[in-house]
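Scrolling down, you'll hit the structures one after another.
Next, two complexes with chain A in common: one pairs it with chain B, the other with chain C.
Right after this comes the complex of A and B.
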């Protein structure tokens, strides 16, 4: 576990740069994280990010693509457009949540 | 008289019935197992059927044979659990009341969940090997297949026995090599993961073997649909993977009655405490084996190690004492790698599969994450171990909690 300074504030991150403390995330930070991976956040992005943020404390883990679609009601195809190539990973990164677990 | 009701007479349900029958007073406790049929399939064997290594008949025995005296087997389809009334209703309206309930109905491949999978090409050029019927149909296809592009494909995680798709690919490479037709087969491995496997170190080792065997890897592929006419997999981000022969691992889901009873998550798995397996929100319902949502492999090995601990926990729990045997997610799996060799992985919730020796440090006889003939023989012997030791709860020389002894840990500078 290391810390990184993003946008002037010090936050805890893992080896891949995912935030490790739920409460250190802010909306301003999300803008910077999104820009780091080449995404400019639109309202449509924010709807997804907010769903992930609300779902995490209830579930204790980051929503998968399937859960974001079936429970959150987002269209999977759109998720791939909004967060190209690796939506699950990118959504979690911007939302300041752990990378969705890969079950062994 | 109290009743323990166990839904599912597969690996987990059978082990739980055997272990708890020894521990619960017969004058005080009835144990009833419900399953929809009488056939207990040795599921790890399905992998070998397509290549003619096992015959379907080698893998099926009557469930009743593995349940001890004093355990009743009820055959019937489960319609729903009514947890508020502590009872289970079967499809034919029979009602089974319980004091404690164990959900052990596992997980199943669901080809109906991917558009285009079921259709005229199903079991012709589109196959699966996770059911005995599917594995048998694939054996028939492979017996006179003339070659082409074979695509091995995973719809989504988690799946039962997550190493099986890789093993299938290794065995296919060996099978075509032995038949002197490997040069007429293009092998492609398509996965929603970002590499060959879920965890980084094992993924690197296993990905290396794919490369050595000339298998190309298509990663981060989330299938949207199968175009059966064009024989093509289409992803949500509009990538296309053509095939002549598709061997897919359909989406895995828990039983539908779990969802109907309000006990499941979005994939019909029962949310449980991952250390005690007690269903969240209930004090008399446990979920064992693949049926729960614990964050580790869906595998008989997990069922085995967790149930060794669960046995003591259950006895404590019914007497109102705290459950103290906490499960760490320990599992190990043999990985058949073809040409008479295999590998072994050993891991838990927190420790990913690492190279080394198992179970005795430095000696083995099994090698972790490396190919050896001993590992292959371990895997082939396991069928006997399963029927004769594992199901009926006899002593095995493996500890339920994971040990770091014998594992090689890379020290990062």
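Right after this comes the complex of A and C.
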């Protein structure tokens, strides 16, 4: 874990660049993180990111695609459109959370 | 946004790095509840990594996509030493039902869906489902008897063509 500066804020990140401290995340940071991986955040993206942020403290881990769909009520197909190719990891990265641990 | 990128000293995950036309083909040949899951879990995980996935259902694996059977797969302790119970018990009436109910509960407890729901998720994630022609002929089943999202009943050479360049798993 190292300290890095993103958009003027000092944050802790892991070797890949995922934020490691839940409380260091801000919506402004999310914009930058999303842009880093070529995603421009729309309201639809934000709904998903906010669900992940709310769910994490309850569960102690990042929601998988399955959980985002069954508990969050988001359509799996849309998640693959909004966060192409690797939705679970991209969602987690933008939301400042670790990669999901669950298999499904 | 480019300005902000310049200000960042954090590494950026290489989500699209090493992107190839990686492809995974899984042959599902078993109809037991326990053996239905490995293919589904791995196929689903691969889809989540942006990999093209094809599932080919053959022989006993047909139960996973046959409308009448897919909700009712079973687990039997018979012949399965990993269940760690006397082999004779496996043949006692009711034991298969009990073992099945227990396993379903355990699967549910870890948030893993039932087989039909799992197939739905796989299809929603872009996965492809194929049924084996020889199995369909033997079991006298037609497209209408199969889970709706199955794309087609195809023969062995069709599958070999689809699996061109794919990593292959036989389960």
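Basically, the second predicted complex is superposed on the first by the 101 of 104 C-alpha atoms of A that agree within 3 Å, B and C clash if a C-alpha of one lies under 4 Å from a C-alpha of the other, contacts with A are read in each partner's own complex, and residues count from 1 in each chain.
Keep this in mind: contacts are C-beta pairs under 8 Å (C-beta built on N, C-alpha and C of every residue); 3 or more make two chains touch, one makes a residue touch a chain.
Since the model is a prediction, treat every value here as computed from it, not as a measurement.
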**Request:** Name the contact category of A:66: first (chain B only), second (chain C only), both, or neither.
**Result:** both
**Message:** Under the stated touch criterion, which partner chain does A:57 make contact with: chain B (first), chain C (second), both, or neither?
**Reply:** neither
**Message:** Once chain A of both complexes is superposed, is A:90 in touch with chain B (first), chain C (second), both, or neither?
**Reply:** second
**Request:** Quick one: classify A:8 as touching chain B (first), chain C (second), both or neither.
**Result:** second
**Request:** Would you mind checking which one, chain B or chain C, touches more residues on chain A?
**Result:** C
**Message:** Tell me the contact category for A:80 with respect to chain B and chain C: first, second, both or neither.
**Reply:** both
**Message:** Output check: A:18 vs chain B and chain C. Expected answer is one of first, second, both, neither. What do you get?
**Reply:** second
**Message:** Let me test your reading of the model: by the given contact rule, A:32 touches which partner, first (chain B), second (chain C), both or neither?
**Reply:** second
**Fill in**
On chain A, the footprints of chain B and chain C overlap at residues 65-67, 70, 76-77, 80, 84-86, 89, 102-104
**Item:** Sites on chain C touched by chain A in the complex
**Value:** 1, 4-5, 7-16, 19, 41, 44-45, 48-50, 110-113, 118, 121, 124-126
**Fill in**
In the complex, chain A touches chain B at residues 61, 65-67, 70-71, 76-77, 79-81, 84-86, 89, 101-104
**Request:** Using the touch definition up top, name the residues of chain B that touch chain A in the complex.
**Result:** 156-158, 162, 193-194, 198-199, 220, 222, 224, 235-237, 266-267, 295-298, 331, 347, 352-353
**Complete:** In their shared complex, chain C is touched by residues of chain A numbered 4-8, 11, 13, 15-18, 31-32, 35-37, 64-67, 69-70, 75-77, 80, 84-90, 93, 102-104
